[in-house]
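These notes concern the structure reproduced below.
The chains carry the letters A, B and C, assigned in the order they are written, with residues numbered from 1 in each.
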């Protein structure tokens, strides 16, 4: 694919595109605030098994007990008003299998976001979540025949407990952190996916998460199990309208790659600037397996997200490629975790962040080779680009190494776009903004190549939008 | 009609005068060479013409096709038809040559009009072939890791792709071996025509063996002190700049 | 916590009120702050559970013959301008400055004499720079208990080439020592010091809480070398700060070999443009030793440089923690700040932790940090063996090669050779 095609087939998605909303009209509403009754309401509506209900209630207790991580994290967390948030809103629990059956306002929402069009073009399946529940969910029939399961979290636990229950909450235990506990108590929606042995999906599955309601918390739960020798790419996108008040998104995503399986998980996060985005993502890679996180954070007020891979089997590989763009008033607090637990495991982290205006981007990383392991490798690169004189970036890696013939390498650098570079490009006729956009796109260019084409186009557009007005 | 008219240009940086009542006129279609010792203000002139903001323009005018461009932003000046081949082209990591030139071309089109990609690449490849540039270069980051000669060829490639009316070449010969010099010069000569003017800034006469100028100016301490035909460059080469100083600067007016 | 250190007896009625106040404040700080906890970010990865200062106390100097022997062993640097030797914080030997330097206004004195003779100078600088990297409690203990140490003051424009050498020895049972080195170099002055920390025997248990403060005035040049070779029964804290003014050049080079557990807190604060501060360290860790290094490079002014290189070689079950932070304040443009941590694991049971951090609030900066951990390069080893060198010798060559980058920075052949010998004594036989 040459760069010609990328530019010619640009998909028009931009930051403003998600900024619209439809009137709120819900059949199910758990009300405002969080207590045992909220949890019981969600469980009742979903007609859940007792063990799920107990799982939720126990998680609520853990959530209440755990302190906010403000000892090290952004103090802005204190501004989340848990008592003013609505924890469950839906029009019904069953997703439609055709777009025609989706309620008009919801359908129009996703059409404006281009989801049905993308589905036709290049996706193997789509799930579209509107507030707490999926409004649409469909996968290509031939995949169903091959035994691929692609359902929501409730349906997955209800219909296929023998497949999902053994891994549910195991990669990320409820008590992992305060927000994984919150999600475990309140989860609704998300994708549960099982790819049988040897099945290799050629096209990605996609989920799109949409928040429509104000003062709302979205808590989707995703669990992907790739059985031996299988392969899957999963992509998620997210938007919300710009509300006056803060909105909360707190997901838990667990990936299980069994022997020699490959999972690639791609996120383009473009929440509006009032969303607290506090997400826990972790994958487990068995022998010879590969888990790759490609994570782009453009939107939100505060994002805290450190995708991780537990390299459990010999020869497992983990990778995190991340791009973060922090504009004025935003804090992108992102990073990666690589836990090496077997010989010959390798991990790679590349993080690129751009801070604009008073925007702040933070990288937090953990690389752990704690035991007597052999021949493990980690490579970490963190590059920060600071656009304005008062932009901010922080880097806080933590690396522990033991064992034989292991190598760990961490490098970080900070750069800016020089005035001479901008002058050079302007001399060729580009405006200052265009020149800045080009330089920023150049900065992330090598990472963009790791993306499926459609996403890199979208990302480039998003960056261009964010760069507008950043200079001068 | 003159392509370029510079009238009584006075420029300073940090309070120090660099260009002093500088005057220069280049009629349409002519190639003028500007020579002079180091530190005399040649590169400052080039940057001021292109709208660099580090310099303070005290007074004067720079007319490009009759319109004053002084004070305009660099991109507006570029779009008005002035191209500056940099002495030290900047490296732009991650931005490929193809995408960069394309963005520059796109900037010259009216709103809503898009470049025809097929024709663009056809033209780009043809011009790269003429400059003996490997087509693989299109995917490489602009100037990053290029040798001196590759950078200068890339400047000429951009010049020919952007179709300027006035080309200012700032020490384009510096850092070039004789083969690269010949290729770069051929590229420039191919662009010579009745509608386009050139200002070739150089310290050495060597480049002017390949790009034969219509007029040669000698610059000293912020202004042109002497002008002549192509033979003047050869005279300078043999007699050196001290001769200029004795003959034209120190001599009574 | 249960320690007799809570009732120090250092304060005398001769001391000026400001010093008595600082000691009292230090004691309060020591008593009120809790012991470090594992949840404290400043103590991440440190084995705080095993940290104890119980049972140590200020102890008298040993018998005269022991002292004499230790003074005799205080011979790492023979080319020097002045010398202090302390044993258990008691002065054992002192070589003051020449009349010529004294005439120029140079001061080199034991702390107590400096307090008595130069009260204004001491009030301005002594115990004014506390650590901010987690050991505030122990800094308080130091302030309450300090009685040993040297003050070097070099007035404007005076340049002294040869170093002042301070030896701090421990001896006897469970001695607690609180050495203090204070260096004040006024504008365009030049000074260098060597601080050397030794134990009398391989067995005498000890607690060290030392503090060193360097104040480098505009254009001053200060060079401090530190040799820490405590025995492996010593718990040590070295809480050091450097404040560099405009165009000052400061270089710290530390070679750390000893202690059961050693905590280093090393802060550099750049307060003027053009300053250039270097922080170099070499650590050789073996057995169950823990070296816990916390560094902080603060750039409050632009156009300045700081460069840090910490190299650690680890054997047996040793642990190292390098936790560094570069902070570039808002407006400190054109900062060049670098931080490099290299860990060489020579045994599979050794553990290296690295926390290299950056906090950058200005955009026109060149800042980078790098941390690498690995074993001896197998290809390099093969290459040497292919030339006929035995594996053992090849390993030694490579490990000493790893050290050499820091050792040569002491810029003294005599001290460099002495350091190589200390390292050789410690672990040459171990490289198999």
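Convention: a contact is a pair of C-beta atoms (placed from the backbone, for glycine too) under 8 Å apart; a residue touches a chain by one contact, two chains touch by 3 or more.
Keep in mind the model is a prediction, meaning the values are calculated, not measured.
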| item | value |
| --- | --- |
| Set of chains whose contacts include both subunit C and subunit B | A |
| Per Cα centroids, the chain farthest from subunit C | B |
| Contact-richer chain pair (by C-beta pairs counted) among A-C and A-B | A-C |
| Whole-Å gap between the CA centroids of subunit B and subunit C | 57 |
| Chain centre separation in whole Å, for subunit C relative to subunit A (CA means) | 45 |
| Distance from subunit B to subunit A - Cα centre to Cα centre, in angstrom | 49 |
| Of all residues in subunit A, those that touch subunit B in their complex | 3-4, 7-8, 418, 420-421, 423-432, 434-435, 438-439, 441-446 |
| Interface residues, subunit B side, partner subunit A - complex | 50-53, 73-75, 77-79, 83-84, 86, 89-96, 98-104, 107-108, 117, 121, 139, 141-142, 158, 162 |
| Residue numbers on subunit C that touch subunit A, as the complex places them | 39, 41, 44-45, 330-331, 333, 343, 345, 348-375, 378 |
| Interface residues, subunit A side, partner subunit C - complex | 71-72, 370, 372, 374, 384, 386-414, 416 |
